[in-house]
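Reading through the structure tokens given below for one structure.
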Amino acid sequence: MKSNPRQNQVKDFTGLESEYLESIEGRRSLVGYLCMRTPVELIEAYGAVPIRIVSSPVAVSSGFNPIRNDACSFCKQVPELMKLDSYKYLSGIIAGSCCDQMRRTVDVLNETLDIPAIIYSAPRTYGQNASFFLNEMKAAFAKLADSLRLTIDENELHKAIKSRKQLRKLVNQKRYDGAISAPLIHKLAGSCLPAEKIIEFLTGLKPLPVNSDSVRLMLFGSIPSGKEILLIEEVGGYVAVDLTCLGDRVFEIKQNLPEEPFEFLYKHYIEHNNCPHRRSYAPLIDYAKQQIKRGAIDGIVYRSVKYCHPFGLAAKRFKEELGMPFLELDDDLTLQATGSFRTRLGAFVEMLEAQKRRKVAQV
Amino acid sequence: MAGEMNPRERWGLLLIDEFPDRPPVYPLVTSHASAVYGCDLISYCSDGKILAEAQLAAQRKYGHEGLSVFTDVGLIAEAMGSKYHLREFEVPILNRPIIEELSAIDKLKLPDPGGSGRLPVYLEAIEKLYQAKGDVLPVFAFVPAPFTTAAGLRGIEDFLVDTITEPEAAHQLLELSLEAAIKFCDECILCGALPMLVDPLASGSVISRRTFAEFALPYNRKLITHLHRYDLDVTLHICGETSSIVDLISDTGADLFSLDKLDIDIARSSIGDKVRLVGNLAPHNLMASSGVSIEDNCHHIIDSGIRNKKGFVISTGCEVPIRCQPEKLQKYIKLGKEARYE
Amino acid sequence: MHIYDKLAKAVVEMKAAEVKLLALQVLDEGFPPDEAIQKGLAVGMQEVGRLFSCKDYFVPEVLVSARAMYTGFNILKPKVIEGAVADKGTILIGVVEGDYHDIGKNIVKLMLEASGFRLVDLGKNVSVDAFTRAVVEEKPAIAAMSTLMTTTMDSMEEIVVRLTKDAPEVKIMIGGAPVNQDFADSIGAHFYGDDVDQAIVGAHKLLGIKA
Amino acid sequence: MISQKIRKLDNFELEENPRQIDFREWHRLFQKVPEELVENTRYFRDLPNAEWSQYLFPPSTHVVSGNRLLRKLKFDNSLASLRLWGFVMSEGERIYRAKQAGKKVIAVMGDLGAVTPLVYSFPNTVAFYPDCLWWTPFMMESKVLFDEAAKFGLGEDCCFVRAALGAYSKKAYFPKPDLCIGTVGATCDDMNAVMSEVEFLGYDIHYFELPHRHDKPQDVKRLKVFLSGQYEGLSAKLEHVTGHEFDLTRFEETISKVNRMRGAISDLKGMLGGAGSPLDSCVRRNDGRGSRRIDRRNAMGGIEMLNVEFAPLSYYGDLDECIDVIEDVRDTVKSRQTRSVGYPDQDIRLVWVTPPADPQLMNYIEGLGGMIVGSEYLINQTTPQILENGDPFDSLAESHLSGSLMGSMGYRTQLVIDQIEKSNAEGVIISGVFGSSHCPYETTPIVDAVRKKGIPVLAIDVVAPGKIMMQSQIFNRMEAFMESLKAARRYRGG
């Protein structure tokens, strides 16, 4: 069987991650986080390892789950995910209050887990209430650190911020070059590795050949499990931009941010966040349009998690305003959903390929 | 299309002095519904279920913005004992009035809305229409006004003569007709319909301003005052020429005036700041035989009506003829729906 | 005041009892009854017609006046010698099928009679067949029909079509609330009258005689 | 000046004994109300010659304008309740009239009544609560507003508050607001999505940030300072919109009125909740066939109380009149309790959790013998007395902090437990809404906590209008629940 360079990338990277986690086992606390509105640098500055909690299409035998069926499929899954090996060893959980459901999920975690789960508020308005929300963020971390008996290392904080900045720059460049594939960006976005290690890994990466005939897709929407990216590749599509909260958006470089570390983290992670729960639709649509242009996108795969209000309820608005071929995958995170997604993605990509061929022929 | 109002919403705004996107388009599609539905008028007038189904069929076909429960102006008189003649393809007519001698007035009984004459037919129709479409379409119950009912009890000619020769008896009859109307209106309201008073005989083509002021107006006013206790907006329809009494219409307290043969400009300048106008394409324009185009005739009505200060409903001057040409009615409704405020 | 004028006045003032007394007085005092009808009752009715036209009088007033007039008429008519009354021509009148409203028709009939026409009244709810048959049989100079209801306008059209074929010489006039000149033109009626006044003028015009 | 005697209606008795009547009967009872009283129920009493401002009408009036559910409901037969319904049902028109009369119309979204006192402390303003439009589809038994919201992609997996978006889009349910205030943060996600769409439709929204509530005192203090700042910012915005400066005297007057209203509501809840266990409150009464136990009976209907409890969200567009209307209800209940009269056959004590969008459910349980003695309608922030004579914004912040929705699940659960204890409830009904952002999380913990206290609980999801089959299932469950409560009482020897 021919080896797939993209999958090899991912395999190599996850290998690196496992190695790292083994190397620190028992020596550092693992802190889970639920939303990309979490400044991972801060977790690192406390000497802990940030573990992104990602949805999984693998059914978990539930036992008791106090969350009812009509809750966001991801949130509903979180208490069950905690029983998986990947999250069993977490010492604590932290989350920016990205939506009501997430807030409630943290409540449930507090009821069902022995480890602390902490949430801090995030604003919808920009600028005017910054100092309060910045303090909320600081206080939440301090509270978590307190219960985990961790102390902050200011030097580590500076270092982490600096290397993350470097990382973002590098990721953007390599992604543009085509050296970083979409499955890999998904892994990078949720990686527990310190920035230096990721940089080290990326530096050696060579641009991968891209089939210029492939349809270029933008993945948009709420937290993906990663399987949809693989499915898109499987049916011959190319994810040129990943605007989910586990994709290119994580590595976005934001302009004119303050130097002071906490202020920087607050602005970068919390305030300037393109999530429909905390932003009006108009700037979000502009933002998506820019990304569509930048990535020369042919079509959009919009992923919404079933009963996710921020993304689910915004889907129609985006579809109408972006004026592009648009496929909505409403994922309830079951294995059955995967099967139907494959079929639907296949049809979508085929349709776009046909369109593209017609366009080329016309030229 | 997002943001489009439905008839209920449009009427709702109109009735609180707000201007919706456009005036409601509500031609008086009454017995014509039987033609759309394909039933004879005897069943239409005597079976509430058929009346309702015919109204719904007509509304589906034309998309006009209100349901009308109406058979004939003798309804209450019949319920009080006058004999009416139901005919297959024409509206019922008075056969034999109950009050042939004035002395019989004392023996006259108020009708029972649940059992007298065809009143239950009406109520059943209202109930069915309200259940089916009441959330999006207002249901109008056409209730004969006291003056018209009194004429039905006494015979038209005799009643008109009474107004001059036996005014006291006429008032007595009117008083009873008023009570009957109040009783029946109350029931219509309970079933979900907005009463619309029809007073064809109080027309300026038939009686003088003086007769109107003495015999029609006070009873209409009392009836409307009663309905106003429920905070309901009442429509008064008077057939024929009404220029001589138009200024008295606002004295009845009617919130909407459905005008027939009266230039809408006159109505507007006379009572337009107090009363919403409903009107008034002449029904003969809708007949197949009419040579004139709908466009020519409706522009003046719509353009003038829409400027009425208190609001306007695009309608016909009187009932749409049973044998109206559907294409013409459709055309009128289409043009009406193209009208816009601002 | 001459007794004829008194009769006319009593008719106008809608005083049936007075008309009755005056009519009896006419006979008592030996006035020619046809003259009393013509110069008294008819003049009164014409005045009523005028008042009706200028909207001083309305249907109730006309009805009461007419009742007063008939009180006198019924007393005087039996005493009239045949042929003494002028005859401007015969008019056949009726309300078309489907309509039972005949007040308007009755008033028009009354006024035309008062103007010296001979009237044949078919009544109300007259079918197309009955109307046509009557015209063919009676051979009137004018056939007049009315309706108050939009629902019956079709019958009017049908009658006109039949008459044009079966009795081409008869003049047709129409009236009634829902119809108008356009409608009259479209069905081919010879005259449309908006009110009683016009009906009288029209009848004279159609027959080319002076009012 | 209108004399107090005429404004207060409770001197006039429609019927001596309380009972629940349908709208037909009410329609007939209404005929007995003297003309004078009808004419003197007016909103916007400050406006002269506002003949449209009467509001005392029977439900049949509102049936005619399409509120079809009213035909299925049962209402309390007092004049105070009649007046309450008339006042509540005329709110839509009232907001339009306010705008016509030049008042500033302020939409208050997502906040559930916390910022309303500030809005009314500016002259010539009325507040309304668009979220409440969720009742309209039920009242009209119509999908119109839901269908409209669906055009924006807000379908069945979104809470019923999506009706508010439909109303914004249709522009036929309230006039264009002069200002929309949108509370964001620790409120519902679905309302947040509604607000985003409303903003996209071109409405200007002033966002009021509401961080979630912490339980530790020092955190609460920090929050209070922040909320106080939010109020200050909102006040500045209101100054701009109304063209009037914030005035402390006027503010204090308003707050004292709001407190009076909140006080009346709390009195009412207290009276209905009553003291003592259900068994203690049984009295013996000789009815001629020997001595018989008569249980304590319900003195006011659940849906009337729902209307009363929701009054502090927007005061239904007229604070002064609203106080009067509610005090009338309170006085009616007081007089009934003094006379020891109530609805016959209603004595199973229930706490209702989360307002039911469909008032029929509440009516139904009463028909089965239930009386609603306590409630947790997610509006705890509208219940405390606002501190008078303190710093205005601090006082508002302080009362805001008691909110039901902004705290944790545990906090809300505790509020429910408090209600149960206060009212000696025998059962709890939780009426959730499918697709809302908090019901799926709260229901189970509340159910567990209540059961732990040995109180049976019935959790249902309110069914959208028109789904008859699903609704009858809920009715069946209610029947079974009430049967079990009655059996439990027999078992205890009640």
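To keep things simple, chains are lettered A, B, C and D as they appear, and every chain counts its residues starting from 1.
Here is the rule we go by: a residue touches a chain if its C-beta (ideal position, glycine included) is under 8 Å from a C-beta of that chain, and two chains touch if they have at least 3 such contacts.
Treat the numbers as computed from the prediction; the structure is a model and nothing was measured.
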| item | value |
| --- | --- |
| Smallest number of contact steps required from chain A to reach chain B | 2 |
| Nearest-to-centre chain - CA centroid comparison | D |
| Centre-of-Cα separation between chain D and chain A, whole angstrom | 41 |
| Distance between the centres, which are taken as Cα means, of chain C and chain B, whole angstrom | 32 |
| CA centroid of chain A to CA centroid of chain C, Å | 95 |
| Touching two or more other chains - residue numbers and ranges from chain A | none |
| Residues of chain C engaged with two or more neighbouring chains | none |
| Touching two or more other chains - residues of chain D | 152 |
| Interchain contacts, given as pairs of chains that touch | A-D, B-C, B-D |
| Chain C partner contacts - residues on chain B that touch it in the complex | 31, 87, 89-91, 93-94, 156-157, 160-161, 163-165, 205-208, 211, 239-240, 244, 261, 282-284, 287, 289-292, 318-323 |
| Residue ranges of chain D touching chain A (in the complex, touch as defined) | 152-154, 157-158, 184-190, 192-193, 196-197, 199-200, 207, 209, 211-212, 219, 222, 226, 229-230, 233, 408-410, 434-435, 437-445, 448 |
| For the chain A and chain D complex, residues of the former touching the latter | 66-71, 76, 97, 99-101, 103-105, 107-108, 111, 119, 121-125, 128-129, 132-133, 135-136, 139, 276-278, 280-282, 306-307, 309-310, 312-317, 319 |
| In the complex with chain B, residue positions of chain D that touch it | 23-24, 27, 30, 35, 38, 52, 54-55, 57-58, 60-61, 63-66, 68, 71, 90, 93, 96-97, 100, 140-142, 144, 148, 151-152, 169-173, 175 |
| Contact footprint of chain D on chain B as seen in their complex | 2-6, 8-10, 12-13, 16-18, 20-21, 130-131, 134-136, 138, 186, 189-190, 192-194, 229-232 |
